[in-house]
Amino acid sequence: MRNIGRLSQNLFTYLGAGALLVLLAGPLYWIVISSLKPSKEVISRVPTFFPHAPTLEHYIRLLQSRDFVSYLVNSTLVAVGTMGITLVLATLAGYSTYRLKFKGQRLVAHLILVTYAFPGTLLLVPVYRMMSSLGLVDNLWSLVIVNVTFAAPFAVWLLRGFFEAVPWELEEAASIDGAGPLRALTQIILPLVAPGMATIAIYAFLVSWTEFMFASTLIMSDANKTLPMGLQAILAQYNVNWGALSAAATVTTLPALALFTLIGRHFVKGLTAGAIK
Amino acid sequence: MAVISTNRHHRVHRRPFQWFPYLLVAPLLLWIAGTVAYPLLTAVGLSFTNTGVVGTDGSFVGLANYKKVLLSGPFWASAWISLKWVLLNGVLQTGLALASAVLLSRGFRGHKAARTWLIAPWVIPTAAVAVIWGWMLSGTLGVVNYLLTAVHLIEKPLNFLGMTSTALPTAAFINTWHWFPFMAVVLLAGIQGIPAEIYEASAVDGANGMQQFIHITLPSLRPVVSAMGLVGTLWSFNVFDIVYLLTKGGPSGATRTLPVYIYEKGFKAFAIGEAAAASVVTALFLLTFALWYLRSESRQAPSERRDTA
Amino acid sequence: MMRIMFRRGIVWFLMALVSMSMLAACGSAEKSQPKQAAGEGSTSGEKVIELRIWHMEEPPEWAARFQEVFDAYSKANPNVKVKVEIQNWGTAWEKTLAAVQAKNQPDLLFTIPDFTTTVKSTGIVQPVDDLVSELNQKHKFLPSATGPYYYEGHHWAVPLYGMLQVLWYRKDFFAEAGIVAPPKTWEELVSTAKALTKNGRYGIAVPASKTMATDQTIYTFMATSGAEDLFDASGNVRFDNPGTVKAFELYNELVKYSPPDVTSWGWGEPRDAFYNGSVAMAVEKGWYLGDWEKTSGKKPAEIGVAPVPVPAGGKNGSIYIPNGAMLLSQDPQKQAAAKDLIRFILEPDNYGRFVNASPALFLPLTEDGFQSKTWLADPIIKTYGEQMKVLVEQSKNGQLYGFSNGKVFPAIGKISAQNIMAQAVQKMVVEKSSPAEAVKWGQKAMQEAIK
């Protein structure tokens, strides 16, 4: 009986892994090999699953263009800035809203959601006007500001589950030990919600990384453009240079993957096990 | 409030700490107030005018735009499409994310690499995702149809994005592919927060994988899933770029969700006042939904939450 | 363990702080630069005029060639600094309107006729009558170039380059099927498309998506059947007329012999299909020549181009889109500099290089432009001499919806922005309405839109 159970569990695992592989890896593989095919092969009627005439021309052209590298740098700056500010704002607000007691707390928790109830396209023009009067048009800071606004509320909401999963007794235990609320927060609670913080850090980074609508409205000059705008230029008006687009998409993915590898490894490790002991 | 007891436990609730919570919440609130309030108010203000092209002057028309919007067939048609869109996305994304998270929490070969590569679809800018998927799904130029016909799953190439019956589900699938990694990462973090001892104890009691999933994993993930549920819905509802890029609301309006409707009203039909009114109405729908969701959620799990004011 | 975690958290936080201060440095650097350019601290003591130009030709090669001409001007006129900001057509409308509202608009804005009608409604566009008549004297504009920009008694933009549609066909597939000459009439077009639809290949690819591509192509057929006037003399919509219905009937036939996913195809996909041999014909603008050899693997002589077929009793025609530049600045110095730049661009030697930003797609629209040595010297233009002849000929027969017959109807902006003609085509092709019904629907929708 138990053997069949284990067999079906393994079956689920491997079938599932296989399906996930196809779904995930399939398109990614297609993108990467397309980036290595010359233009003629990329649009050929019979798709080739391995490049017949592999070429690095798309990558070379991409990385040679000064513009693309600057797009990469700009996107990174904006994303890191967004991530940093969001982490601070959301964690503080989340701790306060979900673990402390103050009047109007539930209102705050719910008010935060208001930011998402409004369809965004209509905010484009007023936001532009606001940034313009602040002198922030064509400045990367305006993107950081907008991105944090979009990322932070969700980040706070997300932290709720993590904050509430930590045992309530801990703060009281801390105060018995003589720790003030700030120390309780930084030394005891924060390490325990670290997985949550890592998640929102990644979230904020990626919200910023892929944001196009506001970036394209607020940034004017080429020197300040971000990656999604650069990608758009390759898409251009008439047709798509599939090879170049695939190469650009691949290059865009790599820095974010690197970040995830770095943070993911350290934070998502189930440290709560330690706290409960 | 005079100090009655010297019990140190009560120190946590004493007056001197009152400013602290507000201090923590203030930065975020001020930030949002500063960056959202003004644009929001402008948009609401526009909804009461008959402004056509953005930037031109319009005159006050009271509730005329609201009347127009609420009586307009296309508005409700789009609302219906949006509803379908949200449901499709909710089911697909949650299902896929949950399955992936559970899968990745097990130790199969290569699971560490999979955890990293999982986020790749999320990271590719939306425009590229839309264009590349559109290309892959193309009848004549796409690889998906080629593979499907090659293994005889279908006889003739399917025009996924160009047929009214398949356009919306296909767009929902592509949107899911793009965004499910985020939910999967969150759920994975949640699963990893569940102490291994609980699983071990249940295995000793004779529970199999499915039972463990239903009785341990799911309940433990409840707070996280419910947090994602609400905001995920709001957020999914307001997705604009990927739908517009894929189909521009076509074919024949089959994918014209409310955000697409609003964008076209404002920037293509040059009736920004009406578009603003439609936005306000939409926001009210969503807020009502949010309130309902929160209320029913607090009724269901009062013991999990601390008593809030 | 916890202390390590904490330390790492601090590291990340510090990183964020560092990048934020870098951003701040970038921000202030950006802000200080424009001040420099505006004239303070310039070494020669003479005031430097900064001219901000927005154009929407994003492909890097095209933008680079434009930039060469702009740089040449800057070199010849050191007191003018040309600052180009490339925008995306998809967001150009919103961005321009937002910029105008914030008093942040560019000095010179490239445009197409219906974009001009929208921007003009904000009151920011400056009339350029003197410049246009001066340049017309010198270089002789095509009537179809200036016409769409002239209404309410003024010229609202200076035309710079034109685009039109022709019939592209694959000579190799024609030869295979024993077809010697390209179709000249609508009947021939349909029968040719039918004959070439076999063995997994399609005769033609006409877009049927809700995009400008579809608008332009259906309009080209309308132009040949005498239905090019969307409005009558008093400004009423006359979309529903026998000529339009005939064009829709033809389109319906052509879609039968097109790949099924044309309902989601714009400009790019028919070209890819043409290049990779999935279809034998297409109706589109001149950019089919540029990548032909490289992407299809065929020789230049094997791509055929002909005027768009006409119905019985119809006339030679095609859609013609003159791209121009609008003057938005109210500063007299900047206005003078902008006008000077345009004069520079239209000088035949500069003009040839300018228009070759996208050879064969961008066509000259002045008489001496067509003779420009630099234009004719471009490798693509030289290689495809035969094909270019057709394109040049057709330039003289162009029309544009909403701007035909000497009259301009600014309301067209609302119709083209919503792709109503494309939507009518979709009604017919996707929802299977009859051509007549679809056209009726289009008529109603247009009337609604311009109310």
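Note that the chains are named A, B and C in the order they appear, and that numbering of residues resets to 1 at the start of each chain.
Going forward, a contact is a pair of C-beta atoms (placed from the backbone, for glycine too) under 8 Å apart; a residue touches a chain by one contact, two chains touch by 3 or more.
This one's a predicted model, so the numbers in the text were calculated from it and none came from an experiment.
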A-B or A-C, whichever has more C-beta pairs in contact: A-B
Chain whose average C-alpha position is farthest from chain A's own: C
Chain A and chain C: spacing of chain centres that average the CA atoms, whole Å: 36
Rounded Å distance between chain A and chain B, as computed from the means of their C-alpha atoms: 14
In chain B, residues with contacts to at least two other chains: 54-55, 140-141, 267
Contacts with 2+ other chains: residues of chain C: 94, 97-98, 101, 269, 272, 276, 278
Residue list for chain A, restricted to those that touch at least two other chains: 43, 45, 88, 125, 129, 213, 232, 240
Residues of chain A defined as touching chain B within the complex: 5, 8-9, 12-14, 16-17, 20-21, 23-25, 27-28, 30-31, 43, 45-47, 88-90, 92-93, 95-97, 99-106, 108-123, 125-127, 129-130, 145-146, 148-149, 152-154, 156-158, 160-162, 164-165, 168, 171-172, 175-176, 181-182, 195-196, 198-199, 202-203, 206, 209-210, 212-213, 227-228, 231-232, 235, 240, 242, 245-246, 248-249, 252-253, 256-257, 260-261, 264, 268-270, 272-273, 276
Residues of chain B touching chain A in the complex: 8-9, 11-13, 17-18, 20-22, 24-25, 27-29, 31-32, 35-36, 38-40, 42-43, 46, 54-55, 96, 99-100, 103, 106, 108, 111, 114-128, 131-133, 135-136, 140-141, 143, 146, 177, 182, 185-186, 188-190, 192-193, 195-196, 208-209, 223-224, 226-228, 230-231, 234-235, 238, 240-241, 258-259, 262-263, 266-267, 272, 275-276, 279, 282-283, 286-287, 290-291, 294, 304-306, 308-309
Chain C to chain B touching residues, read off their complex: 93-94, 97-98, 100-101, 118, 121-123, 202, 209-211, 259-265, 269, 272-273, 276, 278-279, 413-414, 417-419, 423, 426-427, 430-431, 449
Chain A residues touching chain C - in the complex, by the definition given at the top: 39-40, 43-45, 65, 67, 76-78, 80-81, 83-85, 87-88, 124-125, 128-129, 132-133, 135-141, 144, 186-187, 190-191, 194, 197, 201, 213, 216-217, 220-224, 229, 232-234, 236-240, 263, 266-267, 271, 274
Interface residues, chain C side, partner chain A - complex: 1-2, 5-6, 8-9, 12-13, 15-17, 19-20, 22-24, 26-27, 30-31, 56-60, 83, 85-86, 88-91, 94-95, 97-99, 101-104, 267-269, 271-272, 275-278, 287, 291, 294-297
